[in-house]
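Here the chain labels run A, B, C and D in written order, and each chain numbers its own residues starting at 1.
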Amino acid sequence: MKVNPFRLRGGLAPLLIATVLLALFPLIGVPQNWLLYLFLFFIYLALANMWNWLAGYCGLISLCQPAFIGIGGYTLALMTWVGLPIWQGLIAGAIIAALFAVIISIPVFRLSGIYFAVGTLIVPELLRLFFLNWRPVGGLLYGKGAGYAVKGATTIPATDIYWLTLIICIGSVLMMRFILRSNLGLGLAAIRDNASSAASSGINVFKLKFYSFVGSAAITGLAGAAFYIQQGFIEPTSAFNVRWTMVLMLATVIGGVRLEEGPAVGAIIVVFLHFLLARYGGVSLLIQGVILVFIMLIAPQGIMGSVRRALSHRTPHLRRQPARTRG
Amino acid sequence: MGILLGGLYSLVALGLSLVFGVMKLINVAHGDLVLMSTYLAFSMMTSFGLDPILSLVIGMPVMFVIGFAIQRYLLNRAFKISMEAPLIIAFGISIILQNFYQIVWTPLSRGLTPSYAMLSFSIGGLNVPLVYGLDFAVSLIVMLALREFMKRTYVGQAINAASQDRGAAQLMGINANRVYAFAFAIAMVLAAIAGVFLGLTFPFTPQSGVSFLIIAFGVVVLGGLGSIAGTFIGGLVMGLAQTLGGYFIGTGAQMFVAYLIVFIVLGVRPQGIFGR
Amino acid sequence: METPVLSVAGVTKHFGGLTAVKNFSFDVQPGEAIGLMGPNGAGKTTLVNIIYGIYKPDSGKIRFRGSNIGGLSPHRICHLGIARTYQIPQPFATLTALQNIIVAAIYGRGLSRPDAEKTAHEILEQLDLSPKKNTVTLDMDEVALKRLELARVLATRPSLLLIDEVAAGLTEEELPRILEILRNIRQAGVTILLIEHVMKVMTEAVDRIIVMDRGEKIAEGNPGDVMKDRKVIEAYLGEPE
Amino acid sequence: MKRLWHKVAAVGIILVVLVLSLAALPSCKSGPQAPSEIVLGTTMGLTGAAAGFSQGGAFGLKAAVEDINKLGGVYVKEYDKRIPVKLVILDNESDPAKAGTLAEDLLTTQKSDFLVSPPQWPQMIAAIATAAERHKTPFVGFAGPFEPNQALRESAGPWNYTWESGFHIGAPFTPGDFRNVPGYTMMDVWWGFLDKYGGQTNKKVGAFASDDPDGRGWYGAFTPALQGKGYTVLGADKELGIAPLDTTDFTPMIKQWKDNNAELLVGNAPAPWFGTLWRQAQTQGYRPKVVIAEKAAMLYSDVTAWGGDLPWGIAALVEWVPTIKAPGIGDTTPVSLDERWKAATGLPTHQLVGSGYCQVQIIIDAIEKAGTLNKDAVNAALAQVDLMTIRGRAKYDQFQFSGFPIALGQWFKVDTAAKWDFKVISSSHDFYPATAEPMYPMPYK
């Protein structure tokens, strides 16, 4: 039930309507703060979708997503420093993040299951330390721990950033839809359910996971770069920070891991907490932590998982998780 | 110097390694739990003037109970849900603890500073801080004690059996859930010791848990997951890499060199240098 | 003489101090059906796992149609035309029966989605699983899962099929049907290596039986002769362990 | 059919939650733009690593807003009435990645008329400045040292709406500026001390800095200046002494300083960073005669956290002390402001209270000068500000930067419960009198 690739064969219409509506928001005088919330929602949703792809559908608990975000952001910032336009920086961010994923896949794909998680956790830290010691352009006052400004970021209107992130976000949603309904999705579902059986059915387990890892890295890098256009400034410690992982996990787990609509619901709640809790400094992250633990224990399938269960008459397979096999 | 510091690192990593070995859980809250002991010692030092090392008499049992409770009431339930649930819950605990420390002890940087924390002795012209020596000695003692414990006591053997194969252990009549809880509690006692000596060696803030965790990860990956001797040697390699990196490339590159080694080892020998 | 479909030559595998398979050799000719039997723990499943690339043999060679397949990964072996079933069915638990087979048809045989769906329906029909095609496999019973296992591997269109127990747990009435299915598979030109405990299936479905005990081959021949072999009887009755 | 129903339900729920969550945020109480209040917005790390730093600045901002509201608010000519001020502070948890979106939130949801900021990290200033520029809203912030912030402004700019204040590390002011006298650059303040005692040392310097904009700005400006004055900075070409923020082991650099007998130890780094360094230096037996630890030794809560006698004799810039002779809003004086801080928190003087307070004084002055709440008019008026604040005279130069007066202080051991007191030991300003004789050499037990 979790992945049922033949489900929802049509149903593009609601998504299309929502997209058009969202795209029109800046033009019809929606309050500016809506655009801000939606901007963050788009970024988080794109990031969470990509994590859901790996953790939910491939069984790869990747803790190195901040690495791709940071690389996307840094590529963008450095491209503006050598005088290239922002859109090129965005694309380069995605490409370099994907290339980096290819490189690190050599060691991390030798690890499986929980070892994979350990291996990937070290990657952002390694990059953080690298960027703390690296100054490719600029003088003494730039680079390394001082970070880089995204040149020209202040001249880009908020509405342009909004549309950009909308495109990235919808792109990630469509991508997930496409993947889940394609042979790739079917293959991933098979691997997730039973890796050895999948291999003996002719599935190249490594190849499918590898494609997913690299693809997810590219979109994550793109979303990261887009985030830093709005931010205007990047430095290593916040770019390669475990807080990003927290956001992705929270969004995916609250909404429902392994569910297509899960990250969307989760991302709404995370954005809501982000702004609401800023007024209650000190307890904000505490509350997020409690929510995470609580949801995981009470409703491990997340909000949408529970909703689906309530709607579905065919409950048994929703309650029972399949036994996961070690890849 | 690096070797002495490495002793401390392996002490921090030991609890993580034990938990991993027994229940195949990466306890991402480990660093924050270590920090709990540091803050307990800090409070006892500032409120009652109790020496940090002596405060372990209280700290160790407290941490034992906390560890038992976390395993019993949170993680045990999580293990039944799915593979990733315990990981995510540990992540949540980590966030909760960090912010809890911040509220209780404020975000300022603190240090455990009894008079001996400033002393040093010299070996061959090198001034070695006394606490570095203590770190190493204590980690060696703890390591040996843990080994004996695992070999000689019933609980130790049960933990060992459960870590080899849960199914087999259950056939032998071992209640795995209980064993898990004990293992976690013992890991927390190790964390308690590590926390106090970390506090004596470095200053700490509510966020320090994350860096402790990452160091511990590096050590565990280097030494091989779940092996006591491996953890010890992994710690030494880590400490040495850090110090040598510092001397040859510059202070900024210290940890980078250490993690790069971790990552390379991971790529070449995923089971760690000394793993099976 | 034709090149054997499968040729196992001097394969040995140790696990720690234990020798699971010891200097084991046999050939399987095209179109043949061979039975592999032996008491529990004799090393039958290990041998299948070695053939299928899950374990690497310590020594010895495995050839498929004359070329060495030792060290290939399972999906490559599948693409060469060897399929296997598991003793305990290993379906894709969250997918439906139909999807289980489609996966194998797409990835194992390289079919397009519509062709795969068509093939899947045919195979389900063939194995009497059509009524359950939209059931999620997590909700299926053991007997149906056994058949689904067979259905899935057939979707990869193997030329050699390794079957690890298909009849266990079936009632007396259900046996003839499974024998018929096996016969149909053979008639389609598939070579079969069958591991089985149910004697009726062994004697009726295979041409030749190889008996294995503690990693070694102790007898080989046609079903009737092997059953009378003294060593075989001893292996089964002599030491219950 | 049931599946389609699932889909519809799922999309429906997403949309409903989306709309509800947007509606629930307090933004939507948007009414007519009656200037019933002037909203000043800021985001800072009230929790997390920057919290100790922000605490004082936030108090200063709040105190100034209380003071102006006690007078009925800011007089705005356009409406011919006093309009009260509301201060909104959003906590970014010391996470620069959060600062950007929260700064946007200040302008969109909170409807801030103007942005302010107490002293905080350059990354946070950059985040607020970026939002200010996008929304063409004046931003009055305390940036700390001029050089790294100017570098940031040059690369990230244009920041036409950002007005920063602080002090210069070494860069000269423009000719004719009233600040072209002693007591306005960090170097100058240091020379006042070093010229007196430096000659008694071997002039060998161990220089340290954290690897962040502040630290790099300092290192880049100071090491050449020190060398120009005949000092030897050990390993300056190899950037010896610069280390990342989370460094735990400083022994390589300490060993070099000790082996080469550097009698002066000077630098710029956050408190925990320097606390670790200094503690390791003590266990290594490195005992320089002069220690100046900029930024690290600024706050009482920071230096006490080092423990032991470690703060004793360490010198740093005086940003603000209650002994300064300068005006607050209404009848507030530096001393009364300091008393309020002590009463509210139970802590000794926090130097950044004044730096926070003066930001509100500046924006009020600009609003009154402009006579309107129009953002561009106020932005133009900011260029005209020339005001005596509680932190000294505020006047922006062509870089939109206002350098404030500074002096040098040192940590003294005292018999009060607080144990440590920061006293002014060297000053060129008559309104900033020295209150103690310098300790030289460094006292050690």
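Quick notes on this one:
Everything that follows uses one rule, which is that a residue touches a chain if its C-beta (ideal position, glycine included) is under 8 Å from a C-beta of that chain, and two chains touch if they have at least 3 such contacts.
Quantities reported herein were computed from a predicted structural model and do not represent experimental measurements.
Any chain touching subunit C that also touches subunit D appears here: A. Steps from subunit B to subunit C, taking the shortest chain of touch contacts, total 2. Centroid distances from subunit A, each centroid being the mean of CA atoms, peak for C. Chain A has its Cα centroid nearest to the centroid of all protein Cα atoms in the structure. Distance between chain centres (mean CA atoms), subunit A to subunit C: 42 Å.
As a whole-number value, the distance joining the C-alpha centres of subunit A and subunit D reads 35 Å.
Separating the CA-averaged centres of subunit A and subunit B is a span of 31 Å.
Those residues of subunit A in touch with two or more other chains are numbered 129, 132-133, 144, 282, 284-285. Residue positions of subunit B touching 2 or more other chains, listed in rising order: 99, 102, 250, 252, 255. The set of subunit D residues touching two or more other chains comprises 47, 211, 244. Going by the touch rule set out above, the chain pairs that meet are A-B, A-C, A-D, B-D. Residues 55, 61, 106-108, 110-111, 113-115, 117-119, 121-123, 125-126, 129-130, 132-133, 144, 242, 245-246, 249, 253, 257, 282-286, 288-290, 292-293, 296-297, 300, 321, 324 of subunit A touch subunit B in their complex. On the subunit D side of its complex with subunit A, the touching residues are 2-11, 13-15, 17-18, 21-22, 24-25, 27-28, 30, 43, 46-47, 90-93, 95-98, 100-102, 104-105, 107-109, 122-123, 126-127, 129-130, 133-135, 147-148, 151-152, 155-159, 210-213, 215-217, 219-220, 244-245.
On subunit A, the positions that touch subunit C within their shared complex are 1-6, 183, 186-187, 189-190, 192-194, 196-205, 316-317, 320, 322-323, 325.
Against subunit A, in their complex, subunit B makes its touches with residues 24-26, 28, 74, 77-78, 81-85, 87-89, 91-96, 98-100, 102-103, 210, 214, 217-218, 220-221, 225, 250, 252-253, 255-256, 259-260, 262-264, 266-268, 270. Those residues of subunit A that touch subunit D in the shared complex are 7-8, 10-11, 14-15, 18, 31-37, 39-41, 81, 129, 132-133, 138-142, 144-151, 153-155, 157-158, 227, 230-233, 235, 237-239, 241, 243-244, 261, 264-265, 268-269, 271-272, 274-276, 278-282, 284-285, 304, 307-308, 311-313.
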